[in-house]
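Each remark here refers to the structure printed beneath this line.
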Amino acid sequence: MLIQLIISGLALGSVYALIALALVLIYKGSRLLNLAHGELVTIGAYFSLAIIVQIKLPYLVALFPAVVVAGIFALIVERIVIRPLAGSEEWPILIATWGVSITIRGLIGLIWGHAPRPLPSPFTSQHLRWGVYSISGQELVIIITSLLMLLIFYLFFTRSKSGLGMQAVADNHLGASLCGISVRRINALTWIVSGMVAAVAGITVSPIFFLHVDMGFGLFLGAFSAAVLGGFGSIIGAITGGYLLGVIQTVTGGYMPAAIKSSVPFVILILVLVLRPTGIFGKAVIERK
Amino acid sequence: MYGSNKKWALYIVLIIFLLIIPWLMGNYLAYLFNLSGIYIIAILGLNILMGLGGQMFFGGVAMMAMGAYAAAFLANDLCFPFYISIPFSGLITCILSLSITFPALRVRGLYLAMVSVGFHLILEQIIGGWGSFTGGYDGLSLSKASLAGIEVASDRAFYYVVLVTVVLSLWSAVNLMKMRVGRAIWALGQDPVSTSVLGINVTFYKIVAFMICAFYCGISGGLMAHYLRFITPDHFTILTAIMLLVGMMVGGWGSLMGSVAGGFFVTFLPEAIGLFKDYFLGATTALYDLQATISGIIIIVVVLYIPNGFAEWSKDLRSKWGYNRSERR
Amino acid sequence: MELLKINNLQVYYGYSQALFNINMEVTEGGIVVLLGANGAGKSTILRTISGIIRAREGNIEFRGQRIDRLQPHKIVELGIAQAPEGRELFPNLTVRDNLMAGQYTRSNKMEMKKDWDQVISWFPVLGERMNQHAGTLSGGEQQILAISRAFLSHPSLLLLDEPSLGLSPTLATKIFGVVHKIKQETGLTILLAEQNVMMALSIANSGYVFELGRVALAGKSRFLLEDKSVLQSYLGVS
């Protein structure tokens, strides 16, 4: 039973890891917490729903255009709301992203309504069995897609020029400008990447968890807790925290009532903030001048 | 000499106007005014904690809920008259808010924001789940408020209650901010590190700021409970919290007088949206989502274009209570 | 045409004016030094040239093209690179990554490799510390890294803001030696802000002396070395 739970936990953890990664990316690049992040996840999932239902593409194929659209959507948000506020204090940007979050949620409610919808996927009904353990096809899809996504991201981040640009901007805006790196362009790129990664998470998890207007918030809270657990600001921390939280939450859910399970991310968040605010991999960020 | 006479004349006109307003309008408008007044008080508390004290605390509506249910309990179970139960509900809210104040001391900025939202959600769960005490999602009702045997239940009658409470709240807030407490809280909001270096006990004043906010929000909630005579968790949602935030921004972040504008904005905006929907969009559009969308857009617009809200307009009002906030770069 | 021409520049920090009516010309090739006490405006003018600060009035022309309204990264693309005060390195990235970031705007692989090898030959210590995080380097090593990074963007004009600041005399001499060497071997034009008057004037062709935000004195370095007021203010010689 425990192993079974851990396997499922890894699936949930993959989702958290991706969303947390996307969140921390934006934070590293522009020092802002994107409160609309959950909505990026939701939008990705709803886009894929629209593509599957309206254009009648199969699930896996629909993933690609949905992710691209989500990336563009993230870019639009960055352009309209974030960029004009570059250089502002914490407050205005935080509230502005919250405004974006509410607006998106309202729009989704207006367009799709409040009834939870499942995302049709051929994998939900399939199971892979191995001895006494089984894993649902969708969970397998989640894990594999996430690992692929993480790999692609790793290669992009460490090997490509834009990836280097992102690392540079995250470390020192001014230094990056002086190297000829356009901080604005990198920030836009960061949002696009973030939106795409978040969308993948949303699309892979929706067949199991159902699409609804507020799905983003719960996942955002989980991703945020995961990032804090792993050490907020650290990419490795975000990924590790994601997997850890997923496993902890699922295992807890196996032995405790459902209400407790959904509060695990929040409890972990409080525990970490109170006991070890820097998280697992957290280190004092070397101050930029 | 002429100037000060003019000023007094203006004040007297204002006071008379305020006193006779309810007789100039219909019941529904009076209802909206009362609701505005209630929100003004809550926004006042939030302005002190968030605007001046700089704490990113989004649990104001949760505090209102605490005040509302406390007032309901005092009125229903202990038969306190409203003018006793409301101040006490403020106090009870303060005590209950200690549960979030102490953890809040340890975190700042974004983390505090997350924690306070979590606080709100947990409280929502508690209220919804504790049916025996709070009536759960079905709500709780109160009997009519009465003052020395006379019923104070009509919108017009309650207007005076609200008016008195708002005036008292504003007056006490303005004076509080002029005292040492107020200056300490303002300093704390500007730069906690520098403030502590000056020998000001930052932790103590943080707690004070939280308590002030809790008191005002609690009173606001208690007032609401007695006025509406029926409260449910739906009165205290995250959307309400967002609306209060928007009200704060529109009225002027940290501006005590701006709270007045903010309170009216919070009440009249949903009405405006509702009217807009009725005239242009028809009944099939979900009001909640429309409100959410428009509120979100307004928040974005306000943050982008009017970050200082009505405070820009009321600069001379602000110099009256002593200090201006630092300039936006 | 002058490589760099600054016309009637007025620069403010918020409400206070930092630079008053600055006029400067830098011809191609050679080292121009900016002298002056702390707060005189040397760093300010360099930051304005690089686009970090925007001037309120006046303009800056690079090869005849106005650059004063451009974004910093665009100015790097045009060929002006700076090793700024504070170095502004990437502390959490390796030395290699820092250097590679310097080459961000370039595409010619052969030339990039040539410059890379050049830098390593000038500063072998960089080669030794390739995989170390820049934040762990010593002050002198960081300064070397900053200058190298700026050089690697293949600029026509190199701005160095107080490269010897905080370094031991030996190291400072070495840095000046390299700066001189860079100019000799590559013909790069260098604008050098320094407080170390003697050292700077010994390798410079000409200079500007800043005082309280204004250009107080300008001329060939030989002339400046002999000027009584310079000697008095900075060297305590009467």
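As written, the chain order gives the labels A, B and C, with residue 1 at the start of each chain.
As a working rule, contacts are C-beta pairs under 8 Å (C-beta built on N, C-alpha and C of every residue); 3 or more make two chains touch, one makes a residue touch a chain.
Keep in mind that this is a model prediction, so the values were computed, not measured.
Any chain that touches subunit A and also touches subunit C would be listed here, but there is none.
Each chain gets a centre from its C-alpha atoms; the one nearest the centre of all protein C-alpha atoms is A.
The chain pair sharing the most C-beta contacts is A-B. For the pair subunit A and subunit C, the distance between C-alpha centroids works out to 42 Å. Remark: subunit B and subunit C have CA centroids separated by 55 Å (rounded to whole angstrom).
Put simply, the C-alpha centre of subunit A and that of subunit B have 34 angstrom between them.
Residues 33, 80-81, 84-85, 87-92, 94-96, 98-110, 113-114, 221, 224, 228, 263, 266, 269-270, 273-274, 277 of subunit A touch subunit B in their complex.
The part of subunit B that touches subunit A in the complex is made up of residues 56, 103, 106-107, 109-111, 113-115, 118, 121-122, 239, 242, 245, 249, 253, 285-286, 288-300, 303-304, 307, 328-329.
The touching residues of subunit A, when paired with subunit C in their complex, are 161, 164-165, 167-168, 171-172, 174-184, 286, 289.
Residue ranges of subunit C in contact with subunit A, taken from their complex: 50-52, 71-74, 76-77, 81-82, 84, 86, 88-93, 97, 100-102, 104-105, 135, 149-150, 153.
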